[in-house]
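Pasting the structures here.
Paired with chain B in one complex and with chain C in the other, chain A is shared by the two complexes that follow.
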Partner chain A sequence: MKSDRLKLITTIEDLRYYLIQGMKIEHATIPPYLTALYSLKPGSNLEAFHMIRPIVVEEMLHLTLAANVFNAVGGNIEGVFTNPEFVPRYPTKLPTGEEEFLVNVGKFSKQAVKTFLNIERSKEVTQDEPLVGSRVKEEFLLSIFGYDPTKSFSSIRLFYAEVIRGLYALHKEMGDALFCGDPQKQISREYYYNGAGDIIKVTDFDSAIRALTLIQEQGEGSRTEAIYDAEKKLCHYYRFEQLELGQYYVVDKNEPLNSDKPHCPTGKTFTVDWDAVYPVKENAKLNDYPKGSELYTAAQDFQKAYSKFLEEIEDSFNGNPEKLVLAVGGMFRLRDLANSLIRNPIPGMDGVNGAPIYRLD
Partner chain B sequence: MDIDTPEFMEYFLDFSVAVTGFSRFDLQGTGQVSLYFSTIRGIIGDQIFGELLQTFHDLDRKAKRENNQSVLTDGISFEILVSGKLGPIARNIIKLWYTAIWYQLPSPWQEKFGARQNDITFIVSPYAYPEGLLWPAIGVNPPGAKAPGYGTWSEPPSVKLS
Partner chain C sequence: MTIKSVDCQTVSKTFYDAVIVGSGVAGAIVAKQLSEQGKNVLILEAGTSRDLTLAGFQSYVETFYGAIAKHANSPYPLNLNALSPTDGLNSYFEEKGPMPLSGSYTRVTGGTTMHWQGTTLRMLPDDFKLRSKYGQGLDWPIEYTDLMPYYRKAEYEIGVSGNTKEQKELDIPFLPGYVFPMKELPPSYLDEQIREKIDGTTFDLDKETIKLKLSSFPQGRNSVPNPDYALYHGDVFVPSGVTSENPLEYGERCQGNASCVPICPVQAKYDARRTLGTIAFPDRVHLLSQAVASRVEIDPENGRVTAIHYKHYKDKNSPQYTIGTAKGRLFVLAANAIENAKLMLASELLSTSGLIGNNMMDHPFILTWALMPQVIGTMRGPLVTSGIGTFRKGKFRKQQSAFGIAIENSGWGWSGTGATDVLRDAVNRNRYGKDLRQELIDRISRQLLLAFMCELPADYSNRVTIDPQYKDRLGNYRPVIHFNISDYCKKTMADARKVSREIFKRLKAEDYTHYKNSDPAYFEYEGEGYWYRGGNHFSGTHVMGTSKHNSVVNKNLRSWDYENLYLVGSGSMPSIGTANTTLTIAALSFLASEQMLKDLNT
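Up next is the complex of A and B:
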């Protein structure tokens, strides 16, 4: 029963469980975004390239922030990233309980952009099925985040709303004892070369809230009816929507209220070339490649390297933050290999190209 | 000669594998195969480019038929690289793959086979530059592109030659 999968947060264990789900969600967005990004032919669709790439980088920041919060509340990260189920089996449902859409790993397309909008959506709270029981406490917070306790989480934003609500409730109950984690496990600026907003060291209530709010806002906005986050940057949802509408949004950084309204961009128009894309094999598996082919070996190399990368990430989040720098170097080599895979036709499959495989099966 | 067929594209890939030392996977992984093909064709024309590819393909077929790789390697040396006509083109193709630059053909070639209007030294495209084989050959990223990540400069270069 899906309604049993995510319960409201009432204990520190619940909170840790939610944060693991959070890390899984953040990570689950990376393979589809990256694969779509690298499917763009070199030099084409520069608008799309420059829109999607920073989003992926921000998802990586979110993942790190979620790990920081998890470590701060004393979660044991060992076995989280290295769990075989950490990487979803695509097509997948996002592990928030949003069961009405599937996420595929494939090429950049109109359908892919629709899925990305679904992932990042903020307002469309349409699912009626109850996922969590009614709860009367913390009404103030619930109303701030537009969370209706009789509905399931229909967006990542609402999922984090529950995490934040739980954090408030537990902090009220436990005080600073909630932050019982080892501060040495925090990833801070020395180890995170940021290009996507600030990494936040989480050691107390305020920093935990800042970290979680940043995740929430970069995705979907600082409040309803706003297209930008607290840093006055366009949120992911509206960045993707620009691709659907072929037009840029304008954010007025000095007078934010004069910014464009949702769904009504007024900036420069551009044309998306949906055909200037490599025909990537959707949700590729190793046995999609002829055994013994170079492509098979390369796909296998990628698969192993990705799994090693996750191990290194886990290790660096587990008290060895200095190892993150080199793990990230490995990530860049993965990028080059992913590009090569995507540009290579699969022998024997007419007009279908290779794709990276993220999950080790 | 019409070289606008999938076969000639295949010959071009096979030829490129033979003269660059990189695999088909690596070459296709650059995403530049068809751009290079059309660039070379646009500069020297179908006749001589086709002759080069056909010469290579005949050698390749012969080597496979006789199951003797040296037919191909010797053939590339003596029928292509030594040839006054095909040699400079072949060397230009090697340089093109490694540096993404088309180098103007030497003047003896131009005098003998005719100067070509588009035959000037130029970088084929801004997106080809970071895909030059030079960079993986020496195990570094192309300066200004394919950033290897903060702090990776403390690691030794990773040379990967298949």
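Up next is the complex of A and C:
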């Protein structure tokens, strides 16, 4: 791999390259969240279900926003999602503040929630840290993408900070010529929605900054010591922390400063039933399933459907926005296929159920 | 944060700005509107309130999934302390005939929106002038244009998906540039198949040629927000979804689960809990559930309402109850047309017009069913995506009632021979495996059912009354129902059947419609037999009008006889046209709330 590529952004090519990495980062969270979500036994752990699901939806929102910026600056999205390396090989590493950690694809568990907290914390940047990583101190890694670990950013948030800095510098240099992409390729809010966050069509500098800022904020928050983002919605990190603490946070939308402080929720308590979960195989691979078994076929079917889903996403980001609705509709099939794996034991493995596989090797 | 659940003690110690009976769409909107203007309100709910939690709602979904009979109230456990009438399945209504009213409503938090289909048609301007224009039923004291701004508020509150262009073709005026908050639900494959063969054909009704044209149904169900709504509203609509005591961050789109009545498992369908769950100042709204209002107390000195007496039960499985009173400045009965009338009659309220309980209306439905020549994907999508609205208006309304046609995506279920019956029959004939699957495809996936919703104008003798011999377990009155269907409506039912024959012929569909004469709702008209099904759109039992002599409430839904009493809901509607009542109930609730605020501020 081109380990020299993650240098700071100086050309429009660099910017596009960064945005591809951004889309990979956003996508990398989807398989672990989705698998944990589907491992919940039906009707149990409603709090967890209703916390994880919208986060998955919002990660897809981030993915879409990154794609909008990418398209706006004239990137060619063809081959981005359909590249076999777009889906990481789990367990995979993700960047975090001070130390690296592994992300597994597996069942909903205390360990999984810890990992999710790590994922979301990795988007954090503290107030005293410079917004842009120092050129000398590019220490940590994005090893999932095969980079030289000495040339990475310490957090996803810093990564986007560099994208924003690069965008700003390039816009100063090139003016509006930077936004040379086809506006027809923009996904607008009518093709996508959920209660939180909003699709931003990116056609100029301002909209690009808004889109990137939204990605940054939804993870960790708009300011330090706040549990909510600019829309006064609880950030992903704190939503997951509720599962660890068994208590809801209270966000006061009218008087945001009266909201709960980080790590000290005051809302209703609830019990997480860590046992009402299917014991799915961690980081399942196709050869975990006996050849010729129904699970083997189901795993193949899921992987194919997932590839197809990514293909459709790519197609919708490539000038066919109306196809996004169909692609998302295809996720019902993914869910059903995932369930047929998750709810069945793997022959020969005592008490271990199947799990979806997101890539073939 | 949601509204505050309180106990009887809190209620007895509090003097409220307004006491509202019922937590359905009407009560919820009034509570929201008043509390947002600084008023403290109490909602008394006869049913249980576990609905406001995730687990509570989920238990309803699971009760529904586990129920053998999938009727309108099957998600809601039987509650003998506050029975929900359910198509004659329990003995709550005391039906005195000559024809059955049947139908159902739901006595839980959220009211009947907990089982409604979600159709949000506006009434036509002509519907408000049924008496003066067509010599039938009653006129409203207000016109369509008076209600227009409130329809818009209702469409925002409910979150309506629809296509204003198609509605305009039915002569429904909208403000220039106005669109519904969300785009229409995509028509089903079935709709498209029918549109191809039917659109543009005609049918002669009473010498008037009516053109058949499909249009999408506006509905309170999440779809794609319409970007043009921002032109009118200032911002694009953000759909809300799952109601919960704790914040949830998303509103899901309709996924076509096809169990809309009674319950949408992903909460893409509006119900009144959504209004209760989005009240900006929840501390100002108290909810006392399991409290059945039993009497409206009047001060004989000044003729004002002073309190609502209620019977509170701790356990729905026990007949034990305590009596309490709720006091306040203003009182709002929002318990549905039948319950409102019943409560007033039980309280022996003064009625200058003598119209409490009279003029009861509903929408009787004629159903017709057939097998399409091709597989049309029955049981997919929301229950209805399109219908034919062109019979909703016309000069023929002098002789016979108007009707709307719904194309049901859910097959023959409503006719009594649904998917379960087909399955049972096939299994009884020892079908299994591939044969069974093929038979189900053949017999279910081609099922087409047309539902003809007919107008039944207000008729004095159709009424709800009370009788001391008919009481429920808590000693509250059960509604005694006198109901009949006029020839004005029967003629249309017979014509609806003719329209269906014509449509089936054009579709080359095999007509399977048959009306058993043993059915309680069976009747004959001009030599042919039919039966109808109740529409659950009970209304008219405390109509609004121009004076205390011709109506129970004024045009602001305030009682003529008691100046601090409001009667909100479809009971105040003098006619219901061919529009499902919920949207108009919601609009009227906004209208009445404005007057209530004026009253409270003087």
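Just so we're on the same page, the second predicted complex is superposed on the first by the 313 of 361 C-alpha atoms of A that agree within 3 Å, B and C clash if a C-alpha of one lies under 4 Å from a C-alpha of the other, contacts with A are read in each partner's own complex, and residues count from 1 in each chain.
Just so we're on the same page, a contact is a pair of C-beta atoms (placed from the backbone, for glycine too) under 8 Å apart; a residue touches a chain by one contact, two chains touch by 3 or more.
Values in this document were obtained by computation on a predicted structure and should not be read as measured data.
Once the two complexes are overlaid through chain A, chain B and chain C clash, as defined at the top of the document. In the overlay built on the shared chain, the residue A:57 is in contact with chain C alone; chain B does not reach it.
In the superposition on chain A, contact of A:20 is made with neither chain B nor chain C. Partner contacting the larger number of chain A residues, of chain B and chain C: C. When the shared chain is aligned, no partner comes close enough to touch A:67: not chain B, not chain C. By the touch criterion defined above, A:331 reaches chain B but does not reach chain C. In the superposed pair of complexes, A:190 makes contact with chain C only, with no contact to chain B. With both structures placed on the common chain, the touch criterion links A:43 to chain B and to chain C.
By the touch criterion defined above, A:80 lies against neither chain B nor chain C after alignment on the C-alpha atoms of chain A.
In the overlay built on the shared chain, the residue A:234 is in contact with chain C alone; chain B does not reach it.
Looking at the shared chain after the overlay, A:250 reaches chain C, while chain B stays out of its contact range. Among the listed stretches 62-70, 170-178 or 422-430 of chain C, only 62-70 clashes with chain B once the two complexes are superposed. When the two complexes are laid over each other on chain A, chain A has residues 43, 193, 325, 332 in contact with both chain B and chain C.
Residue ranges of chain A in contact with chain B, taken from their complex: 41-43, 193, 294-295, 298, 325-326, 328-329, 331-333, 335-336, 339-341, 343-345.
Interface residues of chain A, counted against chain C in their complex, comprise 43, 46-47, 50, 53-54, 57-58, 188-191, 193-196, 198, 233-234, 239, 248, 250-251, 254, 267-268, 325, 332.
For chain C in complex with chain A, the residues that touch the partner chain are 1, 54-55, 58, 62, 183, 224-227, 236, 238-242, 244-253, 255, 280. Chain B contributes residues 23-26, 28-32, 125-128, 131, 146-152, 155, 158 to its touches with chain A in the complex.
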